[in-house]
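Read through the structure below, which is laid out as C-alpha cells, and then see the notes.
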Amino acid sequence: MMIPLLLLCIPLASAIVIWSFPAAFTGIFSKLFAGTQIISLLVIYVLHFYASTTTELQYDMMWFNAMGLHVSLLLSPLSMLFIILTSLVGSIIVLSIPATTSKHVYALVFFMLFALQGVFLAQDGLLFYIFWELALLPIYFIGLVWSDATRATLLKFFVYTVLGSLSMLLGLIYVYLHTDVAGAHAWNYNAMIQAAQALQPQQQYFVFWSIFLAFAIKLPLFPFHSWQPATYVEMPYYGTMLLSGIMLKMGVFGIIHWLFAMVPAAIPSVQQPVLILALIGILYASIIAIQQRDYKRLIAYASMAHVGVIVCGLFSAHVQGIQGALFQSVSHGLTVVGLLLVCDILEHRFGSQTISNLGGIRNTHPWFAVLFLCITMGAVALPLTSSFIGEFLIFNGLFSYSPLIMGLAGISVILGAVYMLRSYQGIMLGQHTANTTATIPKGHYILLTVVMALIILLGLFPKPINDLAASAATTLVHTLKPGI
Amino acid sequence: MSLVSLIPAFPLLGFIINGLFGKHVSKLTSGILGAGSILIAFVLALICFINQHPGQANEVILFPWIQSGSMDIHVGLLMDPLSILFTLIITGIGFLIHVYSMAYMHTDEGYSRFFTYLNLFVFFMLLLVLGNSLVLTFVGWEGVGLCSYLLIGFWFTNSNYNAAARKAFVMNRIGDLGFLLGIMLVWVSFGRLDYAYITTHPGLAGTDVITGIAILIFIGAIGKSAQIPLYTWLPDAMAGPTPVSALIHAATMVTAGIYMVVRMHAFYALSDTASALVAIIGGATALMAALIGVLQNDIKKILAYSTVSQLGLMFLGLGAGAYTASVFHVTTHAFFKALLFLGAGSVIHAMGGEQDIRFMGGLKKHIRITFITMLIGTIAISGVPPFSGFFSKDEILASVYAYSPALWLIGICASLLTSFYMFRMLFLVFYDSFRGSADQLHHLHESPKAMTIPLMVLAVLSVGGGVLGLPEFWHMHHALKAHLQSVLPYASTPHLNHSTEWMLMVLAVSGSLATIYFTYMLYIKYKVRPEHDASRLKFWQKLIQQKFYVDELYDMLFRKPLDWCSHVFYNTLDLKGIHALVNNSGKAIRVCGSMMQYIQNGKIGSYLMAMAFSIILVLFLILVY
Amino acid sequence: MNLLGYSLHQWVFGVLSFITIVFALMVVFSRNPVNSVLYLVLTFFGIAGHYLLLNAQFLAIVHIAVYAGAIMVLFLFVIMLMNLNADDEPQKTMSSKIIAGVLGGLLLFVIVGVLRQTAQILPQTQGAADIGLVKTLGMVLFNEFLFPFEIISILLLAALVGAIMIGKRETTESKL
Amino acid sequence: MIALFIIIGNGLLALLAEIFKFQKFIFNITFVLLLAALASNYWAWQHPQAFAPFSNMICFNMLELVLSSLLIAATILWLFIQRASHNHQTFGTDLSSLILFALAGGLLLTAFQNLTTLFIGVELLSIPLYVLAASHKNSADSHEAGFKYLILGAFASALLLFGIALLYGGAASFDINAIQAYLNAQANLPAFVKMGMLLLLIAFCFKVAIAPFHFWSPDVYEGAPMAITAFMSTVAKTASFYAFFKITMVCFNAPHTFWISMLMAFAVLSLILANTSALGQKHLKRLFAYSGISHSAFLLLIIIAQQKQALSVNALIMYTASYMLSGLGAFAILVKHGDVISDYAGFAKRNPTSAFSFSVCLLSMAGIPITAGFFSKYMVFVLLLSSSVSIWVSVIAIVAALIGIYYYIRLITQLYSKTAEEPQGPIQTDNNWIALLCAIALLVIGFFPQSLGGIFTF
C-alpha cells in the first residue's frame, strides 16, 4: 500500500530538504539522497516480487470528487521498469552535478524525479497528465536560470511540448467523458480503458492522434523534433541527461501504458503511418548526425534516431518489438547519460565540445578512452552491450511486421557506426592533442565506469529488466491482438 | 560438459587480467598471460577433440539470455566436428601468433594493450564458432569486428589508420545487417535460432525463405570475408601492427564467413539460387583480387589481396557444394597464409618497417629462416604438390568443374595469377641485390627465436597439412571428410570420373609450374622491376595498380552523397525547413496579432463603429434565421 | 374620429414623432453647439409628448423638468462658459461620415426589420387608466420596487461623489 | 444580504471620514467590515433562508453567497494592493467609498432576481469605475481612459436598457423567473424578444470585454491607475461575469438557445484576437488586458457549454477564483515595479520571492499544473467537450491556451533572464506578501481543488 507512495515521497522529500537547508549541506544531502534513491529502488525491486497481493503495490486516495479524480498509483511491472530507469539514471545525474552548482538545481532535479516517478506510477488519467506537465517545469527552470540556453530555445521547447500536452489533455478528457462508473465519470485507468475501447473507430482515431501528438513531440518523433537539437545543446548537460535519459521515456511509457491500452483497435490502422514517420526519423537523424561538428548536437540527433528505433519497436505491435522497445528505453537512458557525461568532460575539462577542436585525448587519458569507447559501442548496439538486446528484440518485432521497414530501419545500424566512430575518432584519436593538462574528476570516472558496467552487465544478463519488459509486453500484446 | 565452456573462458580471462592490470606488470608477464591463456584454450580444445566421439555434437547451455514471448535464447556452446575444427585452428594459430607477437611487439609501448586486444579477439572468434545459436554467433561476429577495429587502429595517433579501422568496422556492419536480417528471417520462419534445430530442419520453410535466409547470411559473410562488393576494407586493414593483426584479419577472422556458410550449408544445399550467387561472387572475387595482387608493391597488400582471392576461391567451392574442400582450404590456408604473413612481418622487422618490395631484394642471404619458410608458404599457396595448398585447392577446383566448367576456368585463372604474384613477391624480396638504403642494409638481421619458431612450426604444417584431406580418388583416407560428415548431411559430393580428376589436377599443377617458371624468367632472368613512376604505367597497369578505382567509386557513390545528404538535410531540410516552419508559425501568429492592432487604434469612433457593425451583423442574422 | 383611416391618437403620434425625429436630426447636424442643445431641448419636449400619449403625465412632467430644465441648462452653461460655441470642432473625414451613415442606415434597417413583426404579435396589454399617475407610481416604487429605489439613491450618491472627485481641485500630489 | 448592507454602510461611513477626521482608520475599518461581511455570508450559508426579500428583487442563496464572498475576499486583497500603491499614505475616503459602492454593485450583480436590480447593479459597478479610471489627476492617459470608458460604457448601458425594454415588451415582467417562464412557454419567440435577449447579452459581452466589444479594455486598463486596473480586471469583470452567467443559466436557458451560437462566435473571436494581440505587447497592463479578454472567453465557454449545472457552477467558481487570485497577485507586483515588460529582465535576481509569486500567478493564468489555473481550464475543457458544442471550438481553445502559455512563459523567462546586468542594489527581501499570499493560495487550491471546484453537488 505504501510502496508507490514511498517512491513518490523520497525524491519529493529530498527536494524539499535540500531546498530548505543552507547550501553548505547540499553536497552531503545530494549524495545521501541519491544513495537513498538507489537503496530504496533495490528494496522496492525486491519487495515487489514478494508482494503477495497487488494491493500492496497500490495506493488510492480520493482527490477531487467532483471530477472523479483520485490520487491513484500502481507499481506494475511496466512502472517498475521505468522506475528503475528513473532512479538509476536520476541518481547518476544527481551525482554528476558539479558541487558548485546552486542548491536549487539539486532540488529541482529531485523534484523532477518526483514528477517523473509520478508519471510512471499514475493510474489516474488526469494525475498522469498533471505529473507529465509538472516534469516540464523543473527542467525549464534549470535551463532558464542555470544555463546558457537562449530564451528562444527554451520558449520553443516549452511551448512545443505543451502543445502536445494540451492536445493530450483534449484526448484524455474526451475519453474521460465517455467513462461511466456508477453513473459518473471517472479518471480511473481501468474505467478509461474500458470507455476508450468502446468508442467508435472514428472516435478512437481522434483519441489516438490527439494523445499521440504529445508523445510524438516528447520523444521526439520526426517531424516534431525541431525543439530538440537546440535544447539539448544549450541545456547544461545534466539537463540534457534528464531530457534524453528519462524524460523522453515518458513518451514510450505513455504510448504503451495509455495509448495502446486505450485504443488497441485503432493501432493496426495507424501502425503504418507512425512506423513510416519513425523510419524517416531514424534515417533522417542518422544522416544528419554524420556531419555534425558539435558533439552534443550529434548526440541529440543520434538520440532521435535511437528513439525512432524504439518507436518502431512499439508500433510493430509485436511482443518482441514492444519488449525490445521497453528494454531499449532503459538501455538508451544509460547510454545517453554516458555519452553526455563524456560530453560534459569534453566541454568543461577539454574546453570544447566541437569535434574539430578536440583530438588525441586518448594519448593522455587512456582509461577515459576505454570508457568512452565502451559507451560508444553501447550506442551502436554492439552485442554484449545492453542496446543490442533492445535493438535485437525491436528488429525482430519489426521484422515480423514488415521485413522491408526493418531492413530500412536497420540501415541505422550502419549509419550509427559511421557517426559514432567518426566522432569518437575525431575526439579521442589522432596525433593532435587537445589540452593535455586537463584532469578528469574522479567522480566522473566512477560514474562513467558505473554506466559502462551497467551497459555491459545488462547486455550479458538482461534478465532483471527483460522479465519486467516481458510481462508488460505480453499483457499488452494480448490487449492489442486478442486471441494470441 | 563444462570443458567446452572453459575454452572461450580462458582468453576472456586473459583479456580481463591483461586489460585491467597489463600496464602494471612487466611486458613478459603480460605476454605470457596472453599467450598462456590461448595455449590453455588450445590444450582444452585438443582434449575435447580427443574425447569427442566422431560425429557427435555436444551442446552446453550456460545461462538464459534473451527471453521474449516464444523467443528463448540461451547462451550455450555447441561442440561439434565443425566447431572443434575451427576452435583448433583459432587457438592453435592464435597461440603461435601470440608467441610471435611477444617478440614482434616487444618495443611497442602498447604491448599489454595489444595482448588485451588479441585475447579479446580470440574470445570472440571462439564465441563465433562455438556459439550454439545464430545470435551467439552474431555476438562473436560483431565482436571480432570490434577487435579488428581496435587492432587496425592500434596505432591510434595515425589518422589514416583510424580511417582504415573505421572503414573496416562500417563495411563489416553492412554485412552484419544482412546477417541480422537473416537471423530475423530464420526466427520468423522457424521460431527458433539454435543450430541444432534449424540446420536439421531446413525443410520446414519454403524454398523462397530458404533462399532468402541463405542470401542474407551470405551478405554477412561477404562483409566478414571480404568478398565483392565489400572487400575493400581488408587491404586497408593492413594498417594494423605488422603483421599480426593483418594475420588475424587474413587468416582467422575472414574465415568466419566460410564457417557461417558451412554451418548453414543445409540452406545453400537446398537453394540453387543462393549457391549460384555464392559461387559467382566467390569466383569474381577470386579473379579480381588476384588481378589486383599482380601489380601491388606493398608486401602486406599483396598478401591481403591474395587472401581476398583465396577466400573467393573458397566461396567458389562452397557455391559448388564442396563444403569439405572449402573447410579443408580454410585449414591449409590458415597454415600457409599465417606463415606468409608472419614471414612478411619478419621481413618488415628486418627492413626496419619498410613494406615496399621495390626497396627490398636479396634478402635471402640475411634472413635465411624467414626466406626458407616463406618459400615453403609460397609454394604451398601456389598449389604445387605435395604441399598442403595443392590438395585443398585441387579438391575445390575439381568440385567447381563438376558444378560449372566456366567457373572452373575463372578459378584456375585466379589460381595461376596467385602463383604469379606470390612468386613475383618472393623473387623481388629475396633475390637479386638489395635495393634499399645503406642504413637498412646495415640493419638487416634475422628475427629472434620467438618469431622464427612459429614460422618453422607453420612451415611444417604448410608442408604436411595436406594429409588431412588426401584425395579420395587416390584411394586414400580423407580425414577431414570423415570428420565433418556428420555436420554436413545435405552435402552431396559431385562425381567426376577419375580421368577427369586426373586431367584437372595435371592441368592445375602444370599451369602452376609454368607460371612459376614464367615469373622466374621475368623477374630473375630479365630483371623486370616494378615501375616507380606511376605516370609511365600503361592504362591497364594503372587500372590494376589502382585496384580498379573501386575505393574511389565507393567514395563517389556512397560516402560523398551521404555527406552531401547530411549537409543538405541539416542545413536545408532541418534548419530552413522544419525548424523554420515551426519558428515561422510562431512568428505568423505574432504578425496576425500585430495586424489586429490596426483596429485597436485608440479612437472611440472606430471602436463604436466596429461594435455597431457587429451588432448589426448579429441582428441581421436573427432576421434571416 | 378618423382622418384618412387613422385615428386622432395615431395622427398625433405621427406628427409628434416626425417633429421629434427632425429635431433629433437637427441636434446632430447643426454646427453650432448652442443650437444643438436647443434642438435637444425641443426633442425632449417631443418625447415628453409621447409620454403624455401613453397616459404617463407624471413622467412627462418630470422629463421636461429634469432633462429640458435642469440638464440642458447645465449643458448650455458649460458650453457658454467654456466658449465652445465657436465652430472649431475638427471635421470628420468624408469616409468616416459615409461609414457612419451606412452603419446608421443599416442599424435602422435591421431594427425596423425586427420590430416590423411586433404589431401582430405584441399582446395588447392595456394599462389601467391611472397607470401614469403619481399615486400609482408611488405605490409601485415603494412596494415592489422599494429595493431598487433605495439602491438608486446609492447609485446617485456614488455619481455625486464621483463628480466631486473629478471636479475637486487637486491640492496635493496625486494619490492614485 | 447582510453583507450587502454592511458594504453599503461602509461606503457611507467612508464618506463621513473626512468630516469626522478619521481618515487614518478608514483602511482598518474597511478591512474589518469587509471581514464582517464575509462572516455574515458565512453565517447566512449556515442558516439558509427560504424567503425572497424585497419582492424577490434580490436573493442570496448558496450560489450567490459563494460568489459574493469571492468578490468580497478579492476586494480585501485588493485593499492591500491599493495601500501598497499609495506608499502607506492615508486611504482616500472618496476612493474607498467609490470602491465599496462598486463592490455593492458587484454584489447586486450576483444576487439580482430582477432586471431592474441587474441594471442598477451594472450602473453601480460601472459609474464609480468611470470616475476612478480618470482619477489620476495629472495623467492625460487616465482622463482619456475614464472618458473612453464612460462613452463606451454608456453605449453598453444603452444596449442593456434597450434589451431589457424589449424583453419586458415580451414577458411583461422584469423578474428573471417570470421571463424564464415566458420564454419557456413560447414555441417561437418574436423577433424583438430575441433582439432584446441578444442586446442584453451583447451589453454583458461589453462589460466582460469579449471581442468584438473589448476595445475599451486595453485602452482603459492602460490609462487607468494601476490599482484601479487591478480592481477592474478582477473584481469588476468577475462580478459582471456572474451576472452574465446568471442571466444565461437561470433566465435564458433552454429551450431557446439560439444566442449560444452568437456567443460561441464571440468567444472564438476573442480567443484568437486576444491571444494573438497579447503577443506583441510591451506593457504589462495591456498584456493583462488581452489576457483578461482571453480569460473572459474561457469563462464564456462555460456559459456556452451550459450542460451540467453543478459542474458549470463549480467551474465558474474555480475559474473566477483562480483568475482573481492570479490577477491580484500579478497586480500586487505591478503596483510596485511598474508595467514595462523590459524592466523585468533579471527581476528574479533582485526580488527572488516576488519573482516566485509572480511566476506562480503567471503559471496559474497559463493553466499549468498544479496551480488553481490548471483545474479551472481543465474544468472548462471538460464542460466544453461534454457539451454538444463542436469539437473545433475546443481545438481553438486549446490553441489559444497554448498561445497564452507562450506569452506567460515568455514573461517568466524575462523574470529569470540572465541577460540583465548584476542586480541593481541589494536583493530586496521586503516580501510582497500579497503576491506571495495569492501565489500560495493558488498552489493550495491546486493541491486541494475539491475546496473550490466541488462546492456544489446539486
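Per-chain residue numbering starts at 1, and chain names A, B, C and D are given in the order in which the chains are listed.
Convention: a residue touches a chain if its C-beta (ideal position, glycine included) is under 8 Å from a C-beta of that chain, and two chains touch if they have at least 3 such contacts.
Note that the structure is predicted; figures quoted are calculated from it, not measured.
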item: Geometric centre: closest chain by C-alpha means; value: A
item: Centroid spacing, where centroids are CA-atom means, of chain A and chain C in whole angstrom; value: 71
item: Length of the line joining the C-alpha centres of chain A and chain B, rounded to whole Å; value: 37
item: Rounded Å distance between chain B and chain D, as computed from the means of their C-alpha atoms; value: 78
item: Whole-Å gap between the CA centroids of chain B and chain C; value: 103
item: Touching two or more other chains - residue numbers and ranges from chain A; value: 159
item: Numbers and ranges of chain C residues touching at least 2 other chains; value: 111, 113-114
item: Per-residue multi-chain contacts in chain B, two or more chains; value: 586, 615, 619, 622-623
item: Chain-chain contacts as defined at top; value: A-B, A-D, B-C, B-D, C-D
item: Chain C - residues contacting chain D, complex; value: 111, 113-115, 117-118, 121-123, 125, 143-148, 151-152, 154-155, 157-159, 161-166, 170, 174-176
item: Touching residues (chain side chain A, partner chain D) in the complex; value: 63-67, 69, 126, 129-130, 133-134, 137, 140-141, 144-145, 148, 151, 154-155, 158-159, 162-163, 166-167, 169-170, 173-174, 176-177, 206
item: Touch list for chain B against partner chain D, complex; value: 586, 589-590, 592-594, 596-597, 599-600, 602, 604, 607-608, 610-611, 614-615, 618-619, 621-623, 625
item: Residue ranges of chain B in contact with chain C within the complex; value: 605, 609, 612-613, 615-616, 619-620, 622-623
item: Contact set on chain D toward chain A in their complex; value: 310-311, 314, 348, 363, 368-370, 374-375, 378-379, 381-382, 385-386, 391, 394-395, 398, 401-402, 405-406, 409-410, 412-414, 416-418, 449-450, 453-454, 457
